[in-house]
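Consider the two complexes below, in which subunit A is the common component and subunit B and subunit C are the respective partners.
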Partner chain A sequence: MTKPRIRKHKSGQLRREIPFYLMLLPALVLLIIYSYLPMAGLVMAFQNFRPILSFANSPFVGLENFRFIIALPTFQRAFRNTAIIAFWRIVTGLSVPLLLAILLNEVRRKWFARVVQTTIFLPFFLSWAVLGGVVREVFSLGGPVNQVIALVGGDPIMFMGNNNWFRAILVSTHTWQSMGINLIIFLAAITNIDVSQYEAADIDGCNKLKQVWHITLPGMLPIIILLSTLAIGQLLNAGFEQVMVLYSPIVYESGDILDTLVYRMGIGQQLFSPAAAIGLFRGLLSLVLVGIAYWSAYKFSDYRIF
Partner chain B sequence: MKRILLLVALLLVALIVTVACNSNGEEDAPAAEATPTPAPAPDEQTQDPADEVEPDAPSDFDGPFYLAPLANPITLRLGVGIGDPGPTVRAGLTPDMGAHNQFIYERIGAELYYMWALPADQAGERFNLSLATGDIPDIMTLSQVQFFELAEHGQLRCLRDAFERYARPEIKEMFADLDNVPLDIATVNGELLAIPHVLDPAQGLGQLWYRGDWADALDFTTPTTMDELETMMQAFVDNEMGGPGTRGLGLYANPVSWAPDTRAILHGYGSYVGGAAGNWIHGDGQLVNALIQPETQNALNRLRSWYASGIIHPEFATFNIDQVQAELAAGRVGVISGEWWLGHWGGVISSMEYDPNVEWRVTNIVPADGAAGRTIRAAANISNFRVLSADAPEGAEEALIKMLNWFWEIFFVAEPFAYIEDDFIQTGEPGAFVWNWWPILIWNAYEQQTNFDMVNAAIQAGSTDGLTSILQVDLFNSYQMLFNDATFDDWWSTERAWGEWFTRVSPDGGWGTNVEIVRRGAFIESAFTGPPTETHLSRGSVLHDMWLEFYAGYVMGNLPESEWDVFVASWLATGGADWTAEINEQFNRMQ
Partner chain C sequence: METTKTSNRIKTSTSRKIFTWGNTVFLTLVTLLCVSPMLHLLAVSLSTNVYVIGGQVSFWPRGFTTAAYEHLAVQPEFFRAIWISIQRVALGTAINMILVVLVAYPLSKEVKVFRARTIFAWIFAFTMFFGGGLIPLFFVVHHTGIMGTIWALVLPGAINVWHAVMLLNFFRGVPKELEEAAHMDGANHMITLVKVFLPLSLPALATILLFTMVGHWNAWFDGMIFMRSPADFPLSTYLSMLVMQADVTARVMLTPEEIMALAEVDDRTIRIAQIFLGALPIMAVYPFLQRYFVKGIVVGSVKG
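Our next item is the complex of A and B:
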């Protein structure tokens, strides 16, 4: 008697879910066409790909392209730069909005907090094609930053042409541009903390700093862990668009990343196969990192996508 | 359930149709509607009675054989990158709507079918996709690398017979004047696989442009040595001729681009790096790359000293071309290096619009060692290759050659405006004629020299009689406007008129200086022009990156002078040595 009932239940559930699957179908088909089918092109990483010969007839060269790129000094440097820049983008991209969220939460005039929050969020909507010119101007030798340095008696710094500074410019301007989104997530997390805990802390004589340390931060810990672990998947994403508009040969040493190297080789010199090898190498490493990220997110904050 | 399946099927069909429509624009391409009508003869004044009539041509065609329509109409497929059509053309007008399609259909008997028409910066990627899928257009314009790639794999049609049979005499004469070197370069295994688009080799000669108004104000005459140039530029800076932040020499991150570059300084030291002709020179019994020769280090040392003394902008190495243009436009740059046309380049024109007192002058290469400054001239200055796919329809060779013939007819032979006014609408309405949308065009390599000679003669005579192109009349009118107070409706601005006239016509201007350089023989010939080698293809970008990086660091003084030897050794080890060996092997084979 039990078995038919279970089958009936599953069948009914499936019938109810069919419209949802149908709604999902176009997105799924588009995903397959535009994201999965093009992966067949990765075969060129193992070929001496000549467009005229197409994938079918270009000769296979095994791992030759990977040997070629790994031997390139520019590849090793770009790999190192990518990892360093991406790491610091993640660290500051999480810590700065976290700090701002805690500070904004303590602001008693809510209109002021909202104005600050909106102002911080605005650059998120601007592309690097626009922001690039602004950043170049702000950090130029005659720009406002150097004028401030001169006011306090310092020597001017060529931020955009100095390998000691260029990564810092990339990281800090990226943080400035993108921190709005994480700020909103952190503020949302703070609003979920039970207000009675702060009231109890007040009665017990806790000052603001101790309240932050013992209530706010522990209350936000799950979302901090979640964002941090998900960010691991971005460890090889150093921001192609931003670097492309800001770098120049004088800062290749500190600013050339895998994506810009692929661009120069693939688009500039039509070295499709080595460029595809770099792309595949980066993609595989990213896949491992994303896997670790999701496993960690599940392990430490019970976050799962399936 | 059936409805659900039907819905799924409909969705899939809709998606497939969407994707197919997005993948190419074939559905939008014009379809053949009728057989072309017999073409009328060209204007009387373009006919040469001595011309033979081609036997294949329709019997009722009485013009010169090289303009006769095809005996059997054909359809040709092409993909185009859309260049800037100019301000008079209505936005949204695309090549497949241009009047040239109808013209070519009626006069040549070739219907054009556009596989794609994309902005120029996307056309290269679309073409590569086309190559990868094997669905390549019938007529194409290829870069040197693409040309040799397709030639190597037998994808191109031999044009020898069609060229010899149908090409108009002027085109053949132009190549003959160039010793047929461009045709030899386009000949692979004995087959002529392209009609190269050539420029006058003199187009790439290096020049030095400077602010004449500043020089006059400080009592400087035209510099004749590198030391004099340095003194003048330093004075520009010290006297803040353009206000605070004035720089003597305008440069940006790329030292060997088209403009503004370093070639006037490098050539002054005998270092022939970059440009159309640069890189390979004779040395020690074989060809050597100019980049790694001691002369280059000498030139870089000079630039390094200028950087230290403030002649060069402290942030030049971080500049892109827009930033150096902005410096120029703001009137803060005293000297730039490049080619003959710099006088009508955006930054220079803008500097004159910004301040009407600005005056640019031009001179040839100034030597560093007291000898005559010499620049370099290419043996063949090929910008790209006009080709036919091996799978193009029968008769396509003739159609291609006749498209070249007709372009020449319209722009270099006919009375100015003859065809433009008679056959095309130039007002920007749909169907307008846009010259750079002609599907396969050829430029008169010596057009610059012809314009220079003819317009100067017309100015002397005070009449446009005898001028044979629209541009020549425009240049004549510019002169009249600048020096005889003539006025014209809807004309160029004064600055633009000056730029066009000074660069193309003035004996003291851009082309005039080239004429003088050639007359004095103040140039060397490049030693090698040929297909890219295997190492060039695989290591070219790495070697180029190395050079750009070293150049910036060295000139800015971030690297000690001893780093030059390290750079040379590294350049050779990273592929430069193999590249040099391959070039010498090719060179010896071609001798």
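Our next item is the complex of A and C:
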């Protein structure tokens, strides 16, 4: 019905498309201002930016800012910390929910499974502004964790001010906060596994452990591969908001990451251009990683965003 | 679920019983791990400072007192922050929802219906993968003159491309015949969107609505950098300040006498009470709404 009409006059098609352009317009304006203008503003990474002179009149200094940050020990430290923390966030963030999903699938009482799943999901909905307070309180000197340590006769540990512990705190509390999402995704994948496979295995006398190894895990392999490849894009994401509310100068050595360094240099010390240079460096590297992630996810799992 | 029932009928071995028992205990512990910190916070907020600082409060209040909450009841800053958060959630959610619908509808069309569709889709999608970062955004917000106003909290994040992608995928599932029938009746795109697409997309809209509201309630960092005065902080920003000011070094190597003296002036229980109250609205509505969240996660992330 519509096809011949489209072919008849091209100008008629444009007129029919006008409502689409009008619908997109408000969002497009906001997107240009608050997403694309900041990208253009990254030009300040190549300038000696001064707010009074603005972007137009600040002098260009070439790669000076990049030479400055690469030689900066705090930058090297932040880069290393970011990569280490992000890597372990991915490893535990995938493996812990995977284990929980397999265990939860073995639960026969449905109400119990539902209560467990619902409760595990809860911390995900709380802000790090709140969770920061929770974590600091729980790991404080008089807090529950140290109470348990005292109970078994150990010496109290100042977790939040100890470089040997800080990364472990970050990674474990991030897993604790976010494991609900991946748990739900893994559980959805398990329910898609063909039930008859288990029945056949039962008849063959396969025990539960063997069934998990030979049926459940292979059945979940596609989703495990997909989540792992997509995680490549997160290799420079060490959880800015979480680190912001939990770190302090004592643990910069193990916990300062690129994002917090950008914040302190840019907003705190007003070193705008070097901070923007770090931001651009991190942004470009992330773009490459996300590109690799989506390309692999498309290649191995036929994953597409649209 | 059926599988386990079948296997149960075939054989219930002793090792199976031990596993089921151990599994239940383990999962119960994991579940407790997710709620007990909040119970600890509640216990601390209802305890006397001396016990809290002495590390004697676990999950039950020691020296029960509602002093912290009584103190809060007369603190205007706390209530002002709540009021700003409510305004932010109302305004921000309204703007986000209108925009996500207006973006998702044209982008859900096929290329032969909307020829520039792919170009626009990429213009939106690119912002998911790259951004100018904190410092340039700070100056853009500054230059657009919204610094220190509530607009700085709602406009920069007004377009959530993830939500738009989720909704456009949902729109694509709407039967073509319904849309064509509406057009036949003379309905334009706006009317078709409101009368046909939106009523059929209520589950997706509900999920996006909830995520947007929670997102606005929880956001705190933008308030910290875009609001000029702490008097304009929304609740989450106000709470993040309390959290970050809590000094980890303050209570190392103190004598009991010093601890007692500190207890007189320390506002730790008041701080904890505020953090607990900040988490309360979400914890209160969460059990009733979580199934929408679950649906959204499954639809949004594992669609092929």
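As a convention for this text, the second predicted complex is superposed on the first by the 272 of 306 C-alpha atoms of A that agree within 3 Å, B and C clash if a C-alpha of one lies under 4 Å from a C-alpha of the other, contacts with A are read in each partner's own complex, and residues count from 1 in each chain.
Keep this in mind: a residue touches a chain if its C-beta (ideal position, glycine included) is under 8 Å from a C-beta of that chain, and two chains touch if they have at least 3 such contacts.
Fair warning: this is a prediction, and the values are worked out from it, not measured in the lab.
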| item | value |
| --- | --- |
| Subunit B versus subunit C as contact partner of A:Ser127, first or second or both or neither | second |
| Touched partner set for A:Tyr252, first subunit B, second subunit C, both or neither | first |
| Touched partner set for A:Asp202, first subunit B, second subunit C, both or neither | second |
| Subunit A: partner with more touched residues, subunit B or subunit C | C |
| Partner chain in contact with A:Pro51 - subunit B first, subunit C second, else both or neither | both |
| First (subunit B), second (subunit C), both or neither touched by A:Leu141 | both |
| First, second, both or neither for A:Gly153, with subunit B first and subunit C second | neither |
| Touched partner set for A:Ile33, first subunit B, second subunit C, both or neither | both |
| Partner chain(s) touched by A:Pro59 [first = subunit B, second = subunit C, both, neither] | neither |
| Partner chain(s) touched by A:Gly268 [first = subunit B, second = subunit C, both, neither] | first |
| Residues on subunit A lying within both footprints (that of subunit B and that of subunit C) | 26, 30, 33, 51, 54-55, 136, 140-142, 158, 160-161, 248, 250, 267 |
| Contact set on subunit C toward subunit A in their complex | 1-8, 10, 15-16, 19-20, 23-24, 26-28, 30-31, 33-38, 40-41, 44, 52-59, 99, 102-103, 105-107, 109, 112, 114-117, 120-121, 123-125, 127, 129-144, 155-159, 165, 168-169, 180, 188-190, 214, 217-221, 225, 236-237, 239-240, 242-244, 246-249, 251-252, 271-272, 275, 278-279, 282-283, 286-287, 290, 293-294, 297-298, 301-302, 304 |
| Contact set on subunit B toward subunit A in their complex | 4, 7-8, 11-12, 15, 19, 125, 128, 131-134, 145, 149-150, 153, 155, 245, 253, 314-315, 317-320, 323, 537-538, 540-542, 545, 548-549, 551-553, 556, 558, 574 |
| Touch list for subunit A against partner subunit B, complex | 18, 22, 25-26, 29-30, 33, 50-55, 68, 72-74, 136, 140-142, 158, 160-161, 248-253, 264-265, 267-271, 274 |
| For the subunit A and subunit C complex, residues of the former touching the latter | 1, 6, 13, 17, 19-21, 23-24, 26-28, 30-31, 33-42, 44, 51, 54-55, 100, 103-104, 106-108, 110, 112, 115-116, 118-123, 125-130, 132-138, 140-144, 146-147, 150, 158, 160-161, 176, 181, 184-185, 188-189, 195, 198-199, 202-203, 207-208, 223, 226, 233, 240-241, 244-245, 248, 250, 259, 262-263, 266-267, 272, 275-276, 279-280, 282-284, 286-287, 290-291, 301-306 |
